[in-house]
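Note that chain A is present in both complexes that follow, paired respectively with chain B and with chain C.
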Partner chain A sequence: MDLNLTEEQTLIVGMVRRFVREEILPLELGLDPDASELPAEEKDRLVALTREMGLYGLGIPPEYGGPEIDLVTQTLIAVEMSQHRAGLYAPCYGAFGGAGLAQLFEATEAQKERYLYPTLKGEKRGFFGLSEPSGGSDPARAIQTRAVREGDDWIINGGKLWISGADKADYGLVFARTDPDRGRNGVTCFIVDADTPGFHVRRIVHTLRAAHYATELSFEDMRVPSANILGKVNGGFAIANDRLTRQRIPYAAGCIGVAIKAQEMALDYVPQRETFGAPLSTRQGIQWMLVDNDIDIRQSLWITLEAASRADQKQPFRKEAAMAKLVATEAGGRVVDRCMQMFGGLGVAKELPFERWFREMRIRRIGEGPSEVQRHVIARELLGASFR
Partner chain B sequence: MLRLEKAWEPIAAALAGESRAPLHGEMGVYQLADAADEVIFIGYAGGASRFGLRGEIAAFEERAPDAVSVRFEVTTGYLSRYQELLMLHVADHGVLPRCNPPATLGRLSPA
Partner chain C sequence: MKVLVPVKRVVDYNVKIRVKPDNSGVDLSNVKMSVNPFCEIAIEEAVRLKEAGTATEVVAVTVGSSASQEQLRTCLALGADRAVLIETDADAQPLGIAKALKALQEKEGAELVIFGKQSIDGDNSQTGQMFAALTGMPQGTFASEVKIADGRIDVTREIDGGLQTVSLKLPAVVTTDLRLNEPRYASLPNIMKAKKKPLDVVTPDELGVDLTPSVEVLSVEPPAERQAGIKVESVEELVDKLKNEAKVIS
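Then we have the complex of A and B:
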């Protein structure tokens, strides 16, 4: 087992690191400390650079125009991309593009023409509508939105909560119950145009992420044609579940990147800052924080890379992805917290990124399945599904 | 409370500290109105604003010269609240306040 980066990986990581340091960090100095978007002309300029680097569209399969990069390398890139103030939720402010709603790669050709290709070209935006007021981690039971067949159409009634980007989207994937008696096998995924009569964005939901909000949606007699079913009727759970598993790896990687940057800043700071006549770095209490940070970062990184490696090798990786998400989000929170402590008052000021990372990192233990659900997934894999 | 529905205060009084809720350096959102109490500008004081709400509102003439009154809300979630107030204004009136520059906004249809 070789734990060293290949020559190609070393080059790519170095290139992305330079991009963050030379392009993103200087830009951030002029932005609001909570900003998550760049002015359009700046974003276009950065996208042109990532295209030139051959790294635009990470996560898009090569047959659809994405770069041919394995998941381990994508994970290493994601770790680098997040090493700036907005990096946890807006790595490089979207300059590297992304796959958007990856489920659409499994769509019919007509659906791809209408939704996938315009999305890959940046002409359309989609949202992922799974969670409801009744919950998000147990879609098999929590989905109460109903879809009832009427001729060639389906009539959808219900609502969704915690949905990102629905207010600015052109369409979304909406999961609805089509068979009330079949649990997880009674959920269907519909592609819904946002201008469909009966589709409403009722309110925005403010969270710890000051620049970004979730939305609450309501559907009132929303008519959707059968042609807009993604996959099969009652086959929506597999679509949702696949997404949740894959998403955990880049989600973990972002936390590791921020932790690395926080630790780097702390390592620069503590030899310079003097208290009671000696640099902070000479204090054992501070040294132990740095040591614990390093251990947290390394174990998160290796667990996440192992999950990515298994996915690359087409081996089962559900347990490893859950473990990566669990370990990296919790470790990231601890690292940022310790770094804030080392910086004292500066650590909580908006002049430095720690306070933003602290708020946003807290969400990571809940988003994409909370820590407790990850432990549940891991336990189920260890013990077998029958233990329930 | 979805909309900002506090009573309007004269800007001069707010800046002089004579208002019911004196302006300080907090982060938050604010609305400026003309003499007819029509909202003509929605803004925010963020983490990079010098002197917070007080500094932003004191510079009102750069954004809305005919503004005469103000109301504000202190919040650390100023960016998402700012977006929300703009979206609500568009939902209610069909257009942005006349002194706000064009913005890419989501659509909201509050019940």
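Then we have the complex of A and C:
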């Protein structure tokens, strides 16, 4: 077994590393510590560069115009792309483009024309509306938003909570109950235009993540045509499972990139900083933090690459993807926390990226399926029929 | 016109280097290595000449261990057509490298050889000049602009106090300064293509050159730590200190 990168992977990683170092880090110095977007002209310039590199639209399947690149290599790229202050939720400030919502790839051609393609071109934005005040871990049971059929339309009433970016979106996916008696098999996914009468963004929900805040939505007699059902009626949870599982892998990779950068900064700092007459790097208490960081980084990296490699080889990877998400978010949190400690007051100052990483990394253990839900998925895979 | 571009594998410019505890050199274990930035500029210039139709072939060459293949692949991904590794595990020094390159040039017969002006490890700034002397080719060092026409190359050089333009008859040697161009990013398709481009390996023996080092390194020391600065109360005090302590003005 050869655990080295291929020659091409080394070159691709090197190219993205240089991009972050030469394009992103200098720009970021001039931005607000919580910024998640670049001025339009800078963004356009960087997008032109990533297009030249042939890496624009990373994560978009090749048949939709994305680069021809396997998931292992994408993971390695995602690890590089996140190595800056905004790296967790805005890696490279979107210069590599975005894949949009996974479910839209399963849409009808007419729906794709209207929503997917404009999103891939960066002309439209969509939100993902699953969680509700009644709970996000187990949406199949928690969803109370109702959709009732009226002729060829559906009337939706209810609301959503924690929905990222809905106030700036042109449309979104709304999961609503269409059969109250069928649990998981009674939920349908609707594509809803943000200008539909009855669609309201009630408030911004402030969290640890200052940029990309969440919102609360309410729907009052919102009329949506049948043509806007994504997938089948009562089949909302059957769409894009595989793509959603895949998404956990770059999600984990972003945490690993931030952990690598934090550790790099700490390794640079501790030999310079003196206390009680000697550099911090000579203290075992500090050395062991660095050691634990290195172990945390490695375990998350290898577990995540394994998940990616299994996906590339068309082997089952649900368990491994859940582990990657779980391990990388938790290890990433520990690494950032230890690095903050080594930097002392500077560690919590806005001048350095740790405080933003610390806040955003904390959310990562909750968003996209909390740690407990990942453990639940892993346990189910391990135990099969005797799970319950 | 064939362009030969000698490049060097060096410690990445972003790495904080450490001197080995026994002062025998710089610790290179587990350190990221890259193409020397000035050599990247040289590759970029050669590729631009090819894109402009002036050059027909760009050949990247390096003298070093087999690990240097990684840097040659980078050059191929950046647009070089083929690469040659003159493989040696010896500590390659400017004179030895220049001799090996001369032997290669005798086989290749390039009309233009573009070096980086120096490599960021040893900062010698010697190899290009030694190569020019050994081959008898005219040289234009520290180039910030080059123009090729009618069998000649005009090289604008960055010199102390300004710019100087020299006109050289081809075949000629150029070494690149920082402002000659801004190297591009490799692209995914070109990285994939690089794999299929030829990379030949030759030994110094095959070229009939001896790379035995002629310079012996006695000891490598890190630079002295900088002293902390001080705050002055007034302009008068500043002038006084610059005059009498720092002695930088009189």
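The rule is simple: the second predicted complex is superposed on the first by the 381 of 388 C-alpha atoms of A that agree within 3 Å, B and C clash if a C-alpha of one lies under 4 Å from a C-alpha of the other, contacts with A are read in each partner's own complex, and residues count from 1 in each chain.
The working rule: a contact is a pair of C-beta atoms (placed from the backbone, for glycine too) under 8 Å apart; a residue touches a chain by one contact, two chains touch by 3 or more.
None of the values given here were measured: they were computed from a predicted structure.
J.: Would you mind checking whether chain B and chain C clash or fit side by side on chain A after the superposition?
T.: By the criteria stated at the top, chain C and chain B fit after superposition, with no clash.
J.: More residues of chain A are touched by which partner: chain B or chain C?
T.: The partner making contact with more of chain A's residues is B.
J.: Would you check which partner chain A:V233 touches, where first means chain B only, second means chain C only, and both and neither mean what they say?
T.: Neither partner.
J.: Which holds for A:V348: it touches chain B only (first), chain C only (second), both, or neither?
T.: In the superposition, A:V348 touches no partner, neither chain B nor chain C.
J.: State whether A:V13 touches chain B only (first), chain C only (second), both chains, or neither.
T.: neither
J.: Which of the two partners, first being chain B and second being chain C, lies in contact with A:R21: first, second, both, or neither?
T.: second
J.: Where does A:L55 make contact in the superposed view: on chain B (first), on chain C (second), on both, or on neither?
T.: After superposing on A, A:L55 lies in contact with chain C but is clear of chain B.
J.: Touch check for A:A211: first (chain B), second (chain C), both, or neither?
T.: first
J.: Rounded to a whole Å, what is the shortest Cα gap between chain B and chain C in the overlaid structures?
T.: 22
J.: How about chain C: which of its residues touch chain A in the complex?
T.: These residues of chain C touch chain A: 14, 16, 34, 70, 73-74, 77, 184-192, 194-195.
J.: What does chain A use to touch chain C in their complex?
T.: So the residues of chain A touching chain C come out as 7-8, 10-12, 14-15, 18-19, 21, 49, 52-55, 67-69, 268.
J.: If we count contacts the way the header does, which residues on chain A are in touch with chain B in the complex?
T.: Spelled out, the residues of chain A in touch with chain B are 31-36, 166-168, 200-204, 206-207, 209-213, 215, 218, 350.
J.: Report the residues of chain B in contact with chain A in the complex, numbered from low to high.
T.: 2, 46-48, 76-81, 83-84, 87, 104-111
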